[in-house]
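See the structures that follow.
Each of the next two complexes has subunit A plus one other chain: subunit B in the first, subunit C in the second.
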Partner chain A sequence: MGSFTSREEFETMLGGFFDHLTVVPSIEEKLLASKLIIRFKYTDPDVVLVVDCSGDTVEIRRGDAETKATVEMFMTADVAHRFWFGKVNLMMALTRKQMVAKGPVPKILELLPAIKPAYELYPTYLRENGYARHVID
Partner chain B sequence: MLPLFFEFHSPTKVVYGPGLIADLQAELSQIEARRYLLVSDRTLERLGLPARVAASLEDAGVEVVGSFLDVPENSEVSAVRACAEEAVAAGAEGLVALGGGSVIDTAKCADILLSEGGYLVDDYSGAGTLTRPLKPLIAIPTTAGTGSEVTQAAVILDEAGSVKLSFSDKFLLPTLAVLDPELTVSLPPRLTASTAMDALSHAVESYVSPQWSPMSEALAAGAARLIFVNLEAAVADGSDLEARGALLTAAAMAGIAFSHAMVGCVHGMAHAVGGLYHVAHGAANAILLPHGLAYNREVVGERLGGLAPFVSGLTSDEEQLDPADRVIAAIRNLAGRLNGAGVLATRLRDVGVPKEGLAAVAEATVRDGTSFYNPREVVAEEILPHLRNAY
Partner chain C sequence: MRGGYAGRVLHIDLTTGRHTEAPLDPEVARDYLGGGGIGGRLYLDLIEEAIAEGASPPNALSPKNPIVIMTGPLTGVKVDAVARWTMSSRSPLTGFWGDANVGGHFGAELKSAGYDGIVVTGAAATPVLIDVQDGAVEIRDAAAYWGADVYEVTDRLTEDLRSPEGKRGQVLAIGPAGEKLVRFAAVGTRKRHWAGRTGLGAVWGAKNLKAIHVRGSGEVLIAFPERLQSLREELKTLYAEDLLIEALRAFGTIASIDLGALTGDVPYQNWRTGFWAGVDELSSVAYQEQLLTDNATCYACGVRCKREVEVKEGPYAGVKGAGPEYETLCVFGSLCLNTDLASIAKANELCNRHGMDTMSCGATIAFALECFEMGLLGSDHRPGPTPQWGDAAAIVELVDLIGRREGVGDLLAEGSAAVAARLGGAAAELLSTVKGLEAPMHDARGAHGLALAYAVSPRGACHNAGLQYPIESGGMFVADVPELAVELEEQSSVGKAALNVATQDYGVFFAGCAVFCNLGARPLSAAQAVEMVSCVTGVDYSLDELLTVGRRVWYLKRGLSNLFGARAEHDRLPPRLAAALEDGPTAGGVPDMDLMLREFYELRGIDPEGLPRRDVLEGLGLGDLADLLHS
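Coming up: the complex of A and B.
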């Protein structure tokens, strides 16, 4: 069993962080430039988040299983959590099948430099939003 | 210092030998499949290679139930689909890919459809989308460059969206790679040079990658040594089997190295000039390798210097340089000598890249996925002077 027992808590926590990222100008600009629609399908617990960069603003949608995504990423909630601390090497995780990416992986790799600043923002976000117990040292 | 974590997974059986293609019975008897579809291209057909290989396979006791020879220069989804349909119709139990990277990548993806059915783009593009082993794939390279015969990746053009799709999965690793230098003797000098420089860029970039491991490092260094010692001999005399064999081996070693350690801004710049100005990948890497290393020099100088014992062709003055600078000088010298021999361009201007396009190349390099794995952050304004140097 993973570290997150509550589906609601994980969805609110990570969905909230994604919302937080969309108002960081340097990140938002690059996300919008990508035009990607990315569906994250997490397990243990099961949560679906869609990051839709195809419009004028970045939209984060909880539980959206309908929109046709450009890329779908599959991983456990624990792997996702560690990723946002910068503790998961994407290519290594894909090689080890800790993550599965369906769709154009190079487009995801293009986004990595854009989201790099998020690694520093994540622990701060957790502490400021009542999730300090999930901060990884 | 060792990396905190590394994984090394290279289950493809590699066999090497001049003329080995005529004697594969021992290897084929250990693979369950008995009925194979031969995948190749029309250029090799004109040289008579598919017929020769088919005869050898039959002699080895397996049945060649058909062939698919319409692989384009840059493989496309429609070719993969047609190849898979041919394999299914013929009742193939496995595939034999005879050719360069495009042929081998086509066979890898056709193997997905032969084994699993479904739709290539919607169901399988990406990384880690396969859940079980595919039917056996035997890869027989006729160029010494991409290393696709030992990697878990394939790149296929989706004509519908004009995008290159990548497929990466451990189940795409070929079952057997047959390295027979006799099959590469017809490769023209220009292609010999550019494909080998492509392999050298795989070796050097993986060596300095943040993703390096002691395993990838050893293979990368060994590949670099083989290329430095043998490339010019293979260019000068295409029938030199010793040199041809060394390049074929080096390409496979570098392929294993970079499929674990990744590549960086040299490939990023090469992808950019390839996408914007249709510069062939090997030729672009050959031009850009010393310039990408110069860009990374300040952050990986010590590491790059580790390759110094594996390079050659320096002047006595250059022998006194810092080890990292010796490596860069040796690569420049090698490319320069090949340029002098008329088989390799060393300037972007000579391959159709306009000077006013360099800023766009720099921007595209930053956006390329490889930039994330470059040892130095790729910043457009900072890499642009190096592109100007390459111009």
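Coming up: the complex of A and C.
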């Protein structure tokens, strides 16, 4: 069993973080430029989050299993959580199937510059939003 | 020999102008497999008698220093990611063992001309080229080509030596840098594939050897074609679903910069800082938008990871052809804080035309920029304004000066370690070299085992001496070799000595001898790699036997560097690469070199002086090497 036992807590925590990212201008700009619709499918607990960059603003939708996504990413909640701390080697996670990505690779790589500043924001977000116990030193 | 091998090695003595053929000994093929394995074995065979009689090992630029070009058993087989071959000799840059692993079409063409390899000894009195056409060998006058750059000599020889029916062969050539003995001169084929590292182009120049042209009409015999076809079908599915292969197709090796910037793999400003915002301007997407025009590939490889580029406007307009690879992008980009992609394409083209290893050239320039900044180099070395970090024009100019050996370029053409020794003072603290070879563009502070790999690599700081880099960085996962499939924490030194041993044994077999491409062949399991070698050669190898081949060849190369003087004190990271960074993803972390080296020496049976123990060498059938090292 992973460290997140509550589906609601993980969805609120990570979904809230994604919401938080969409108001950071430099990140929002890169996400909108990608025009991607990305579906993150987490397990243990099961949570689905969609990051829709196809419109004029970035939309984060909880539990959206219907929208046709450009890219789908599959991983456990623990891997996702550690990833946003910069503690998961993306390439290693992909080759070892700890993460599975489906979709056009060039589009996925285009997202990497958006991810970089997000690493620094995640611990602060957790501390400021009542999730300090989940901060990894 | 049933399949894979042509069964013959061509020996050329440039001093006498004579050539002979020798059968490839099946026992040597079984024990050393091919590529750098057979290359190293043949090299040792050529020099050991004289050393046993008391002579010193040959100087790198001496006529007595042989060059061995060797294919592997898979070279020339129509399968993805097996087109590679190797070149071996003593390095004029480091003074130690030198080898290079090359792609393209030359290896396949050499085999179709009837040879597994070419051994070149002696030196010609005047410039020559070697022409091999389906077993007919001629040493020709090359005076008309001497001085020509690599692009020009490739084009001219391809046309001048094509068959009456119009069939073109493959040209392997040096440029002016090799002729002028630039210590990191390269040898190039098809204007885009290079025997780049360790400066073997200067060995060619010292021998007055301008080029080798090969043309053949034969085919590689496959011992078990039906088994190979079955494996091909299996791999087709594997490749179609592999994300890394898709990334290679889309962006080539450049894809590494996007991930590397996240993990701390990309070095900045001569390795002294861990963060640089400008790296985003060198991204794979920026490269694609600003430079890319097409993909290119090696013989029979569907991955097509090579880049074709064009600069259409600005001061570097006119650059057209082979594009910079990841390493080149970094040495002239992030290492010099240069965001100008067009200037990087120009620096790459200049290196190609002069015939120089972009990695040592760019690293030497980054080192020089810091020397200028510190006043160790000044206007007496290069008139005019002091070159600054990110000064694209100065970087391009320095590349050209090095290729021409003009002005400060004549000094920098000796390589950064030699320049530091000449300048003295604090210059040595700015070096990125191990055993005199400038480190590749992967920062070992982000993957501690890589630091050990750099330190103990027989040819100097190198990420391709084994498979430590792709395994530890996560780009390759060999699930069916338990020692390679361990849980990894990159920024830890624990267990990394054992991992290095495993990645060396497997990597030397896989990428050094077989010769699989360590990029395009990454999806293969060990079982699939062994099956491919077995069904091509007709020898039913076990994984254990091929790991023993890898281990034997690792010790052979280590021992050759030992013969040339390498000792324990050369198994060290330079201070610059071992110092903690203040910022970036790896801030504060440094590899524990003492721990890793102590464990590694123990695991490898290396004595405190740095020599492999006699019993270890004898146990691998390297008794002659043991005699030379321990007599």
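The criterion applied here is as follows: the second predicted complex is superposed on the first by the 137 of 137 C-alpha atoms of A that agree within 3 Å, B and C clash if a C-alpha of one lies under 4 Å from a C-alpha of the other, contacts with A are read in each partner's own complex, and residues count from 1 in each chain.
Definition applied: contacts are C-beta pairs under 8 Å (C-beta built on N, C-alpha and C of every residue); 3 or more make two chains touch, one makes a residue touch a chain.
Treat the numbers as computed from the prediction; the structure is a model and nothing was measured.
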For this session: Mind checking the superposed model to see whether subunit B and subunit C fit together on subunit A or clash?
Result: clash
Exercise. For A:101, is the partner it touches subunit B (first), subunit C (second), both, or none of the two (neither)?
Worked result: both
For this session: Pick one for A:115: touches subunit B only (first), subunit C only (second), both, or neither.
Result: second
For this session: Quick one: classify A:71 as touching subunit B (first), subunit C (second), both or neither.
Result: first
For this session: Applying the touch criterion given at the start, work out whether A:48 contacts subunit B, subunit C, both or neither, answering first, second, both or neither.
Result: neither
For this session: Return first, second, both or neither, reflecting whether A:92 touches subunit B, subunit C, both chains, or no partner chain.
Result: both
Seminar exercise, completed: Shared subunit A footprint, subunit B vs subunit C, residue numbers 89-92, 94-96, 101, 105-106, 109-110, 112-113
Seminar exercise, completed: In their shared complex, subunit C is touched by residues of subunit A numbered 86, 89-96, 101, 105-106, 109-110, 112-113, 115-116, 119
For this session: Within their complex, state which residues of subunit A touch subunit B.
Result: 71-72, 89-92, 94-97, 99-106, 108-110, 112-113
Seminar exercise, completed: In the complex, the residues of subunit C that touch subunit A are 243-244, 246-247, 250-251, 255, 258-259, 261-263, 280, 283-285, 288, 473-477, 488, 490, 585
Seminar exercise, completed: The residues of subunit B that touch subunit A in their complex are 5, 7, 9, 125-129, 152, 163-166, 168, 170, 211, 262, 366-373, 377-378
